[in-house]
Structure formats: C-alpha cells, structure tokens
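Here come two complexes built around subunit A, the first alongside subunit B, the second alongside subunit C.
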Partner chain A sequence: MTERERRILPICLAAFIAAALLPLADDGYWLALGISVVMYTTLATSWALFSGPTHYISLATAAFFGVGMYTVGAWVGLLPFPVLVLIAGLLGAALAAVVGLATLRLSGVYFVIFTLGLAELARQVVSWVQTTMGTSSGLYVLTDITEPIIYWSLLALAAVIYLIGWRIGRSRLGFALRIIGNDEVVAVHCGIGTARAKVILFVVSGCLAAVIGAIMAPRFAYVTPTQAFSPMLSFQVVIMALLGGAHRLWGPLLGVIPFTIVLDLIAANFPNQTALLLGGAFLLIVYFIPNGVAGLIENGLRRGRSRA
Partner chain B sequence: MTGGAPALAVRDVTKAFSGLVAVDAMTFDLAENEVMGLIGPNGSGKTTMINLISGAFGPNSGSIQLYGDDIAGASATAIARKGIARTFQIVRILPSLTVLENVAAGGVFGHRRRWGRELEEEARHLLDKVGLEVSGGAPVSALTYIDQKRVELARALIGDPRVLLLDEWLAGLNPTELKTGIALIEALRGEGRTILIVEHVMHAIRSLCDRCVVMNSGAKIAEGTPAEVLADKEVIRAYLGDDDA
Partner chain C sequence: MDLIIVGLLLGGTYALMALGLQLQYGVARIMNLANGEVLVAGAFGAFWFYTGAKLSPFVTVLVVAPAAFVVNWAIYRYLLQPLVRRAKSRGHLEVDSILATFGLAFVFVGIMLAVFGGEYFSYSYLETAFVLLGERYALNRIAAFAASILLCGALAFWLNSTRAGLTLRAVAVNPASAGLVGINVPRVSAQAFAIGGAVTAAGGAMLSMFLTFDASIGVIFTLKALIIVILGGVGDIRGTIVAAFILGLAETAVATLLDPGLTLAAAYLLFIAILLFRPQGLFGRRPS
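Now for the complex of A and B:
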C-alpha cells in the first residue's frame, strides 16, 4: 500500500459505514434511491474495470444482468438464494468468456454492435423459450428478501468490486490492460497476450454484472425479458461511467450519483422523454467532458498544484 | 544449445499485399553479435521485412529462424517472448503512461521479465543508459522527438532481447542528435548485442554495420560490407533511379 492509499483508506471505510447505515434511517424513498445508486455504482464500476483501460465500449451489460436475474427467476424456491447468486455469476462469466473469445479480436465498432446485439438476442431467446415452453411472459420471484438486505448485499459487492479493481490496478494484468488501451501494436510487441488479458477482464466484468442482476431480482416480484434485458440499462451504465470517468476506479461513482438523481427527476416529470434526454446527456458528456468528472477533478488539482 | 545456428536465418521469405509483392524471396543471415544494415530506397520493403521478423504479420512463404527455432508466422506476442524486440519507424509511445512506465512496458511480459522494484530499477538504469535526463514520472507526451525515440529504445532493451530490430531509429534527428544516436547504437554493439538496423543515413551505416543487405522492390540486390554494397552498380542505380545510371 502506498502512503496515499493509507491516508485514503480510513475515509473510504467511514463513507462505507455511513452508507451502510442508510436503511436504518429510512426505508422508503431514500432507500429506493440508495439501491439505485449502489446498483449503478457496482454496474458502472465493473463495466469500467474492462472498458476503462481497453476503451472497448461494451453494451452487453443488460445481457449479463438479465442472465443473473433470470437465473434467480428460474430456480428461486428450488435452491437457496446465495447459491443462485453464485450460479448467476458462473453463467455470466461463461457467457462473457464465449462472447469475449468470439468478439474481442474485432475492432471497436464491430464490438460495440455485437455486444448490443447480444443483449437483444438474449432477450429474444428468453422470450421465445418462455412463450413456447411455458405459458406466461415472465417469472415470479417471490422471496422473503427485503429491500435493506438487497441494499446491503449490493454494498458488500461494491466493496468487493473496489478491492478487485484495486488489486488489478497493481497487477501485471492491470499494467497489460493499460498498455493495450494505449497501443495494441506496442502491446503485442512487448509480449502481451492481448486476447487473453481482454477476455479475463471481460469475464470478471460480465460475472459481476450477472451477480448484480441476481441480487436485484427479488426486488421485482415478477421479471420479464423486456425488463431484465433492457438495452436502456446498458446505455445508462456506459453514460454514468463516462460521465464520472472510466479511467479511474473511483470515477464511475462520481457519474452515478448525479446521474441517478437527475434520472429519477426526469423519470418522475418527463416519463415519455427519458430516452431522448438520456441520448442528449450522452452527447454532451462525450463532447464536453471526455475524461469525465474524474478528469475535471484531476485537471483542477494539477492546475492548483502548479499555481501553488 | 544454439549449436552455431545464426541468430536470425531468413530463407526465401515472400510477402504480398493484395498483388503487390512487398518482400520477394528474401534470404539472409544475421550472426550473433553482428550489427547488420538493411538498406534500400523508400518502398523497397524494409519495414515489411521487420514486420515479418517481429511477427506483425506472417509471410506468404519462406522460413525465418531465431537460433534455429522457426518463428515465421508466429504471433508477435510469441516472437517478442522468444527474444526479438523492435522499435517503429514512426515512433510509438504510450501517451497516458509515464516515461518510466513506457520503458517498463517492455520488461514485464516479454523475453526477460521483471516486476516491482527490480523492474523499476532496471527501467531507471535504461533511461540513464539511453541518455534521457528527465524524471521517470514525467508524462511521456511532453518529451521531444529524440527523447521519445530514446524511450522506445529503452523499452526494446529492457526485455534483454536476443535480436534487436531498429527501423530508421536515427531518422528525423538533427546533426547533434544524430551523433549521440550513433554513439548510443555503437555502445549497444560494444555490449555484443545482435542488431538489424534499417537506415537511410549513410555515414551511420558505414560506421555501425559489419555487413549490409540491400533491398529493391522487395528483393535482395546486394549483400556485403558497407563499402562493398555502396560501391555496387546495381545499388547505385536503385538509389538514383534508372535515368541517372
């Protein structure tokens, strides 16, 4: 641990404990908002684990999230919930491995399109299976898991994700990913197995998104493919991560907090224009703050230091 | 183990890009501890030859051996791990990494691998050796062109390569920098490094190279000491164009 990390650690722990106390203070609106914030934080941070250093924009979040949700939907009542979460993680990882091996050799644009198509394909397949094999268009997820438990589970997962990210950042794998993100040609000539490095990170990221989907499932008593595999979710995660700054572990968090609150306001006041406003926000972010809030803060600090 | 095989043995290597034969049945050896020049007019296929040796792409036919080990068509990753390092004609640095990290990049996954303190010390040592006088934590994009080239050379050296490929490493330097650059390669040669250099600067070739291979339109047209090949009629014709010969 570096000197700086040792100084920051107590602050992180304090913030974490404070966040964990939220359900004791309120179990209505604020807890619901808290769940949204932590869910998007975990999703956007695990998305950025892969996409931050590689600059590959994945729109497959909804595919993994949906797989997680449906894992719970399909076997709830048959297996204990923690086991379902574990299975969801394994399925998400397996799906990411297959997709990663097939697509990570593709260049940027093809990858984006493929991942978007993947979520759509998953949605169609699940709908088809449901309507032909079963009779309903969704699955009931009836558990005794309450909102505070969901919130705490997500919060614990967030801690795990930050630990994973911190560990990767100090590892050879993390270094390899940063080199790949800078110049893939240099990376291969330095002896980096680029496909392997990218697939590993994609698997980690896909696995986490599936786990998040599984944890969220009990919140919806009834899950449908449209809800579980919503492309909107993938876009929101990308926007939040970029708004915050995908090149830093703590970046996405800075995007999630303002965005979730604004999104909540938009959805409450302009329910029909959500997609439009979301698209507009995306354009503004990419254009005006390409390195996100984290980039703005870093520039500010640098300028402050050079002036001092 | 190496059993007297040359460091690099290139045999009948051909590479075509949709009809255009960029490298045409090239054959040459590079001996251990030798510094060899690969020269020829623009577009004669030198960079393509470097790309084939370093695995940027595979040849259509022919064989390339590193100490007897066939590497033709292997991935660039595999070839880097076996000990071939290179620089690029148009310098390629890693803009978001620090100077020190740029150098370290070559010493973690390739031929000779280090990590942690040992890696950092070696990176510093190499920065010193290539004559870079900036702090290792500086952003690499702030460097001058020659300093970026130095960083690239240090990145190639940190993996302790068995064969080093330099693609016009001296190009674009002013006369003072050129002198420093030549001295630097001279020092590498003094260490017994095995180097293939693509170069246009004739006096650098004369002073640095034991032997030269000359290419024109993808094919080898001459081979010998620098003095021999530079006096060769066909070489002169290739460089000056048919009209002047």
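Now for the complex of A and C:
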C-alpha cells in the first residue's frame, strides 16, 4: 500500500459503515433508493472494470444480469440461495467466455455488435424454452429474503468489486489492459497476450453482473423475460459509468448517485419520455464531458495545482 | 421450395436495408447503431401515409427517402462531423461514434414512442395471393422484393458506373488519399451517410408492407444489418447482397422449422460462424 492509499482507507471504511447503517434508519423509500444506488454502482463499476481501461464498449450488461436473475427464478426452492448465486456467477462467466473467445481475438467492432443484441437473443431463447416446456411466461421467485438483506448483500459485493478492481489495477493484468486501451498494436509488440487479457477481464465483469442479477431476483416476486433482459438496463449502466468517468475505479460511483435520483424523478414525472430524455442526456455526456465527472475533477485539481 | 422462395423474398428487402448501413459504415466510417431506428421511422412513414391518405408505400418512398436523406445529412453534419474532427485515430472515432449513435437510437425510439405510442403496427396492402411455381404467396412480399431489387440495382449501377459513385468508392478505400486527389472528403462522407439513411428508410417502407413493427424494434434491424455487412465484407456491395439473401434464408428456415420467435438466434449463429472462420467476410480479403 502506498502512503496515499493508507490515508484514503479509513475514509472508505467509514463511508462503507455509514452506508451499511441505512436499513436501520429507514425501510421505505430511502431503502428502495439505496438498493437502486448500490445495484447500479456495482453494475457500473463491474462494467468499467473491463470497458474503462480497454475502451471496448459492452452493451450486454442486461444479458448477464438477466441470466443471473433467471438462474434464481428457475431453481429457487430446489437449491439453497447462496448456491444459486454461485451458479449464476458461473453461468455469467461461461457466457462472457463464449462472447469473449468469439469476438475479442478480432477488432472491437465485432465485440460491440455481438453485445448489442445479446440481451435480446437471451430473451428470445428463454421465452422459447418457456413456451416449449409449456410453462407460463414468467417465474415466481418467492423467498423470505427481505430488502435489508438484499441491500447488505449488494453492499458487501460492492466492497468485493472495489477490492478486485484495486488488485487488478496494481497487477500485471491491469497494466496490460491499460496498454491495450492506449494502443493495441503497441501492446501486441510488447509481447502481451492481448486476447487472453481481454477475455479474462470480460469474464470477471460478466460474472459479477450475473451475481448482481441473482441477488436482485428476490426483490421481484415474478420474473418475466422482458423484464429480466431489458435493453434499458444496459443503456443506463453505460450512461452512469460514462457520466462518472470509466477510467477510474471510483468514477462510476460519481455518476450513479446523481443519475439514480434523476432517473427516479424522470420515471415518476415523465414515464413515457424515459427513452427520449435518457438518450438526450447520454448525447450531452458523450459530447461535453467525455471523461466524466472524474475527468472534470482531475482537470480542476491539476489546474489548481499548477496555479499554486 | 416454399421455404427457399420466402427466404429469398425476405433477403431482397434485407439487402436494401443493409446497403444503407454499408454506405454509412464503409464510406463515412460511422458504425451507425441508430440505423434500425431510421428503418422503423421509414416504416412508420409508410404506415401513416397509407392509413391516413390511402397512399401506396411505393409512392410514399418518394417522400420518406428524401426526408431521411435530409435528416441523416443533418445528423452527420452537426452531430458526427465534430466527432470526426476530434478523433485522434480511427479506433477513437469508432468508440465515439458508437456511443453517439447509441444515444441517438434511444432519442429516436423516444420520439417515435411519443408520436405513435408503444403498440404494434401493421396495415394490409396488396394482400392478394400470387401464384408462383404452383404455390401461393402474398403479393405484397413479391412487390416489396421487386422494388427492393430495383433500388439495389440502381444503387449498384450508380456506385460502379458514374463519377459520383467513383468518388464515393475512393473515399471508402482511403479517405486520406482521396483528399489528395481533390475529393472533398467531408462532403462526400456526409453525402454517403445521407444516402445510406435514405436507402435504409426506403427499406423500412418496403418491410412495413408485410411486417408487424413497433417503436422499439429498431435495434433488431440494426443488428441484422450489421451482421449482413460483416458477413458480406465491409465495403463490398456484391457481398452485402449475397449475405442478405443468406440471412433471409436462414431466418425463414428457423422460423418455419423451429419457431418464429427465434429468428435472432439464426442471425447470431451465422455471425459466430463468420467470426470463427472468415472474419474478413465472404468476399473480403485478409488484411496483410
């Protein structure tokens, strides 16, 4: 650990403990909002683990999230919940490995195209399996898992994701990914196994998204393919991560907190214009703050320092 | 036999939509993720004119395509050209344009939802039977196919045999060298992008004659068009048309033999096969 990290660690711990106390203070609106914030933080941060350093835009978060949710829906009651979460993680990792091995050996365009329709493909396949097996169009997820437990599980997962991100940032793998993101040709010439590095990190990212989906499943008593594989989710995760700044581990968090609150307001006041408003907001972010809030803060600090 | 003919008929309309994307990606270098939304907008245009004024989709195309040309030209000029200027490399432009057009796709979906609502739409035009080789087919599919092939042919002729088409192809091969021989690259790119949008919207008007659509279905067509372009090889008109027929056949086979709800799986299988065995496309050359 560096001197700076030792100074920041107590602050992080204090913030984490403060966040963990939320369910004791309120179990209505604020807890629901808290769950959304932590869910999007975990999703956006795990998205940025891969897409941040490499600049490979994944549009498939909803596919992994839905796989996790459906794993729980399909076997709930047959297997204990922690085992289901584990299986969800493995399935998410397997799906990510297939996508990664097929596309990441080639250029980034193939990867984007593949992820663009992946959630829709998963939705079609799941719907088809359900109708051919003759069951109804959705699945009941009835457990005794309450909202505070979901909140704490997600919060613990967030801590794990930050630890993973911090470890990767310090490892050879993280260094390799930063080189790939800056110039892939240079990375190949340095002797980095670019395909291998990319696939490994995409698998980590996909596995985490599936685990988050599994943890969230008990919150919805009834899971349908349309809801589990919603393309809106992939879009929201990308927006939030970019708003915060995908090139820093703590970046997505800065985007998630304001955006979840704004999203709540939009959904309450303009339920029919969600796509339009989100699309517009996204364009503003891409054009005017390409490095996100984290980039703005860093620029401000640098300017302040050079002036002093 | 029935399956093959239906597949070929579908492939003809797909060829038109994919050629639009081919122009936008191959010449203007913009991977337009909002392409499917332009197609759906074309479909809505045809629907609106038919239900409102009983105008045949073949007439509406003459309105829809120029409108799409203007809108797409404005999009390129005011939204995408700043990205082209800001980009340091082709990879950087790719990331930026993917993000920008992805956001644009949601804006389009939002506008269409606001105007038309979230229901499914279809209308019945030319729903009489047409007998071909002893089997009966809906006349609207045949007419859409014929019109699409006509437009594809005209486009291919224009690209291959006129001076304007030659400039477009020069930019597609190498924008930097095209600039050196006196071609106004930003202007030609904007034209290519706008023509691509017009062609895609025309494809949408054709598809709307026999397909049920809704405001948020665009992403599926974007995906199909992208897969066709990759399958045929980027920058290859002949490859695109062949690939469109392959996808039309594969989808029809899956829809009739398995389930109509699984057509996207057919597209993905083709995509995986091409990624594993010929990532440069059917007629593409391996990069040296």
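Here is the rule we use: the second predicted complex is superposed on the first by the 307 of 308 C-alpha atoms of A that agree within 3 Å, B and C clash if a C-alpha of one lies under 4 Å from a C-alpha of the other, contacts with A are read in each partner's own complex, and residues count from 1 in each chain.
Basically, contacts are C-beta pairs under 8 Å (C-beta built on N, C-alpha and C of every residue); 3 or more make two chains touch, one makes a residue touch a chain.
Just so it is clear, the model here is predicted, and its values are computed rather than measured.
S.K.: Specify the outcome, clash or fit, for subunit B and subunit C once both structures are aligned onto subunit A.
M.R.: Partners fit side by side after overlay.
S.K.: Does the superposition put A:I57 against subunit B (first), subunit C (second), both, or neither?
M.R.: second
S.K.: Counting touched residues of subunit A, say whether subunit B or subunit C comes out ahead.
M.R.: Partner touching more subunit A residues in the overlay: C.
S.K.: Quick one: the Cα-centre angle at subunit A between subunit B and subunit C, nearest 10 degrees, please.
M.R.: Spelled out: centre of subunit A as vertex, angle of 70 degrees.
S.K.: Identify the partner contact of A:Y110: answer first if only subunit B is touched, second if only subunit C is, both if each is, neither if none is.
M.R.: In the superposed model, A:Y110 contacts subunit C only, not subunit B.
S.K.: Tell me the contact category for A:A214 with respect to subunit B and subunit C: first, second, both or neither.
M.R.: neither
S.K.: If we overlay the two complexes on their shared chain A, which of subunit B and subunit C does A:G279 touch? Say first, second, both or neither.
M.R.: second
S.K.: Please work out whether A:L233 is in contact with subunit B alone, subunit C alone, both, or neither, and reply first, second, both or neither.
M.R.: neither
S.K.: Please work out whether A:A102 is in contact with subunit B alone, subunit C alone, both, or neither, and reply first, second, both or neither.
M.R.: second
S.K.: In the superposition described above, what is the shortest C-alpha distance between subunit B and subunit C in Å? Please give a whole number.
M.R.: Taking the overlay as described at the top, subunit B lies 6 Å from subunit C at its nearest C-alpha.
S.K.: Which residues of subunit A are in contact with subunit B in one complex and with subunit C in the other?
M.R.: none
S.K.: Under the stated contact criterion, what part of subunit A meets subunit C in this complex?
M.R.: By the definition above, subunit A touches subunit C via 55, 57, 59, 102-103, 106, 108-110, 112-114, 116-117, 120-121, 124-125, 127-128, 131-132, 184, 231, 235, 238, 242, 272-280, 282-283, 286-287, 290.
S.K.: Okay, in this complex, where on subunit B does subunit A touch?
M.R.: Touching subunit A from subunit B are residues 54-56, 75-77, 80-81, 85-86, 88, 92-97, 101, 104-106, 108-111, 115, 155, 159.
S.K.: For the complex, give me every residue of subunit A touching subunit B.
M.R.: 172, 175-176, 178-179, 181-183, 185-194, 247
S.K.: Going by the contact rule set out above, which residues of subunit C touch subunit A in the complex?
M.R.: Spelled out, the residues of subunit C in touch with subunit A are 31, 33, 79, 82, 91, 94-96, 98-100, 102-111, 113-114, 216, 219-220, 222-223, 226-227, 230, 259, 261-265, 267-268, 271-272, 275-276, 279.
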